[in-house]
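Each of the next two complexes has chain A plus one other chain: chain B in the first, chain C in the second.
Right, the complex of A and B next:
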């Protein structure tokens, strides 16, 4: 098994944020940028677009700083700055989704300042349970479908079903990879898993799927190298695309075995539900997924869900990556932290800036946390 | 010079580099403290040599060297490095077996560490990226007031009516101090105000880490009586300070070196 060769295509895409989409556009593909995992990529795919995620990038954000208040998060700053700096000339469409007020305003600023780009806003229901949410979500997907059809021509049920199936198959493979990583972290590191996820967000899923399956089949039969037993860490938090944070944790001597991150398992964890129409099936998939902190489901306590996930992955501790001024995550953090405390699961929180790799000061905190987990394990 | 094995802890902080040497029984042979300066590799080497000279041993005789502190990766002689959180906890619990928490205020950061009943780290909190309210802050204020740093804590004890310093940001606090000087405030009252400001900032960390008594204070700032008294008032419990709080991290590192053998 040649892990370097298996990982190479993912690393290539993940390390060149604009490259894959730019090349696809140059080859004649229409490209749609999605701001959030709640932008229904299946619709875009069925309409003939290559949907990719806009994930934020490194570098300063001085153009966006002119327009955004001091209390806007670094993700909003980073993505808006990339638009103001005209870094996306190859995008035909940008799809936002209503997650928080800041991102809603970023959508307005994006439209005002790059009038040549087509934009759509997906308003998915904030409450994801109940019949009313389903009806609302289906109506919203129909509305988006009509908007797209006005640009690209009719989207047939067959095309949409095909796209839903591709995304469902891809999620299933990603779920299997996440499960394998939790079972055998010595074979697939957290940093490698995150690289595969980042690449998934930047690639055509039809191209990513066989590459991900190749990793899965190579590792399914491989034996985990024995030896060191490392503390197992679960990572949760706000939007973060920097594999460097996971590398920093693993360099400190832990194995990142699970996550609840947008650029991670949360975006791939849902099933492939049926519906009377493709739109209904799609609506059910988005409503039944693990809600991100901007969405809610009645009876679901974000803390209890995290404790359950951490226990499922046999985590010794949880590390939070928190973006300053990410209000939806900050509201969840309080009950989540309390639930972890009550469950006796140690947690560490790190503050994340989207436009920079982890600062050196975080290393001491992460190393100390790992030493702490190791000492308590040794008891 | 004897051939008995020696165990060393080297703590290279942002302000000072410290070394502690132990014999095989864990007894302290020597300790040293020097300014870190601009070359951390060199500082690590020099403080280790100084301690070896004091102990009358060769620095090469060390069976194991554990490096800690912000410059831990710069210690050429290290067998391995361990963070200062673990080292301060280890050192504090060796000096005070009953310790349940440690507050360490160093040159550029402060930490609140909760210990379990066996002295292991249970939780910790560290200050954010900036060095507000740490040793560096005290140095700048001492220079501004033209007071020796060693006198700073004692002067705070003479304050009749401490002033309020609302910020531990060094730049903001400096202008507040200058305003107080312009109003001809008593220097001791200003010093006490500065000590209170540091204590209330660190108290925030201590509450987040839910520290339980008895609390041990380590790091260079623990030598400042004014800050210790202000912390005690906020915590509502007495604080214990080691004779040499600056070297507790290096002492903990040396104990880990001994235990690793």
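Right, the complex of A and C next:
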């Protein structure tokens, strides 16, 4: 098994976020940027676009700072700045989806200031349970479909079904990979897993799928190297696009075995796309996924859900990656931390800025945490 | 040196009403009288129709802010892990629950929670937390944000379905069938109050303005909490008469009114008097605000025979649940109708929904409509980031700009 060769295509894409899309655009493909994992990419794919995820970038956000107060999250400022600097001329269209108060206003600012790019906003329901929400979501998807059809011509049910199947298969493969990583962390590191995820957001899923499957089948049959047993860490948070954070953790001597991150497993944790029509199947897939903290599902307890996920992945501890000014996550943090305390699972909270590399001083904190996990394991 | 501003007689009546309102709620705690906690923008009429007392954590938080208790309560929530960057209303109220104290000794425990996200996404998270604390039913009404100007049909239909569900949950809580006749009566009372409230605000278009927006903030408590009751109507009739009397007698809220300003965003509760004084020194009257306007908004669909549909259209939300183009239009309209010299935009650290976009709106108002704005960086409830000096300097500079434009 040649892991280097298996990982090479993902690393190539993840090392130059928008290179893949730029090349596709140069070859004549229409590219659509999605601001969040709730943008119904299947619709875009069926309409002939290459949907990619906008992830932000390093660097200051001077132009965005003129439009957005300093109490906004670094993701919002970073992506808005890139848009204002016209860094993504290869995008034909940008799709927002309704999540939090910040992105709601950023969508509006964005479309006012990028007149040359089409902007579509998917006003997805905040409520993810119940028939009313399903009906609304379907109607909203129909509205978006019509908007896209006005640009690209009719989207047939066959095309849409095909796209839904591709994305469904791809998510299933990613879920299998995440499960395999938890089962055999010695074979696939957390950083490698995140690199595969980041690449998935930036590539054609039809091209990513066989590559991911190749990793899966190679590792399924491989035996884990014996010897060192590292503390197992689960990572929780909202946005974090930096593989560097996971690398930093693993360099401190732990294995990142699972995550509940928006740029991570959560974006592949969709429901089975079932329904009488393709639109219904699509709506169900998005509504039944593990929700982003900005959403509402009656009776869902984020703390219980996280304890369950951490236990499933046999985590010894949890590290939070918290983006400043991310309100939905900041609210959830309290019950989640409490549930972890009650369950006796140690946790560490780190603050993440999307437009900066992980600061060096985090290393010491992570090392101390990992050391503590190792000691309590020994005891 | 402070300037003597004419005081509204209705103020003491309003205080009486609010004291009674909270007093009754406190007394009802532990009795059979059902009480609900509800967000300020949610349809309250259903509760009054079902004889459930609505209580407003937001109003309660503002009261804590105005009485300078908010900082202490916010700190209590922060000690429990809530980030200091979160909404200070949420921190104040959660802090009041945790600390078991507030100007009224804490709000009575709810039997029901009603949350509508037509004002922000923060309430979604806040009420999820309240449900975990109190373990009572939560009505969550999802009002899709209206990015474009016209409310879309499927969003209105979605709202309507959720209102039907709201009724079903109320029936479970009260154990009684929902009284649709009483509901109609409550709607009529609510509309009358909203109309009075709108009339009063429109009277501020008069020059000189008979009342100040800072007064409006104070006098908005009954329309928020008691909309749908006769008390509310009686109160605003009294207030309206008093404001009319001022117009008739030529009494100005700000003696020697020279400038007329609009206000955007929530009030800054912890320094409402000081700010009022500050502007009065410059003979500037604040005559209109986007915030109180929210409580007399009416949606584009009005169908007498289908109150739920009309409600759905209205409660999808006014100013704050609409995109920037809509907001720009509203602000420009206000500037014209109220003969404004400028806007004061409270860039509210606590409210991303309301605040993000203000820089853009200020620019559009200046460029397209010739109306300048002052950006005041503050927080509605948390005074710990407030700097008198900085605010004074900004106000002075803005007033100089306005003077130079004359």
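In this section, the second predicted complex is superposed on the first by the 377 of 379 C-alpha atoms of A that agree within 3 Å, B and C clash if a C-alpha of one lies under 4 Å from a C-alpha of the other, contacts with A are read in each partner's own complex, and residues count from 1 in each chain.
Assume contacts are C-beta pairs under 8 Å (C-beta built on N, C-alpha and C of every residue); 3 or more make two chains touch, one makes a residue touch a chain.
Since the model is a prediction, treat every value here as computed from it, not as a measurement.
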item	value
Comparing the two partners chain B and chain C, which touches a greater set of residues in chain A	C
First, second, both or neither for A:359, with chain B first and chain C second	first
First, second, both or neither for A:367, with chain B first and chain C second	first
Which of chain B and chain C A:375 touches, first, second, both or neither	first
Which superposed partner A:4 touches (first chain B, second chain C, both, neither)	neither
Touching partner for A:346 - first (chain B), second (chain C), both, neither	first
Touched partner set for A:335, first chain B, second chain C, both or neither	second
Complex contacts: residues of chain B adjacent to chain A	70, 82-86, 109, 118, 120-124, 126, 128-129
Complex contacts: residues of chain A adjacent to chain B	346, 351, 359, 361, 364-365, 367-369, 371-372, 375-376, 379
For the chain C and chain A complex, residues of the former touching the latter	80-83, 85-87, 90, 117, 120-122, 124-126, 128-129, 132, 138, 140, 142, 144-145, 147, 152, 154-155, 157-158, 161-162, 165, 323-325, 347, 349, 352-353, 355-360, 377
Residues of chain A defined as touching chain C within the complex	66-69, 71-72, 98-102, 104-109, 112, 121, 123, 125-127, 130-133, 135-136, 139-140, 143, 293-296, 298, 301, 324-325, 327-328, 330-335, 337-338
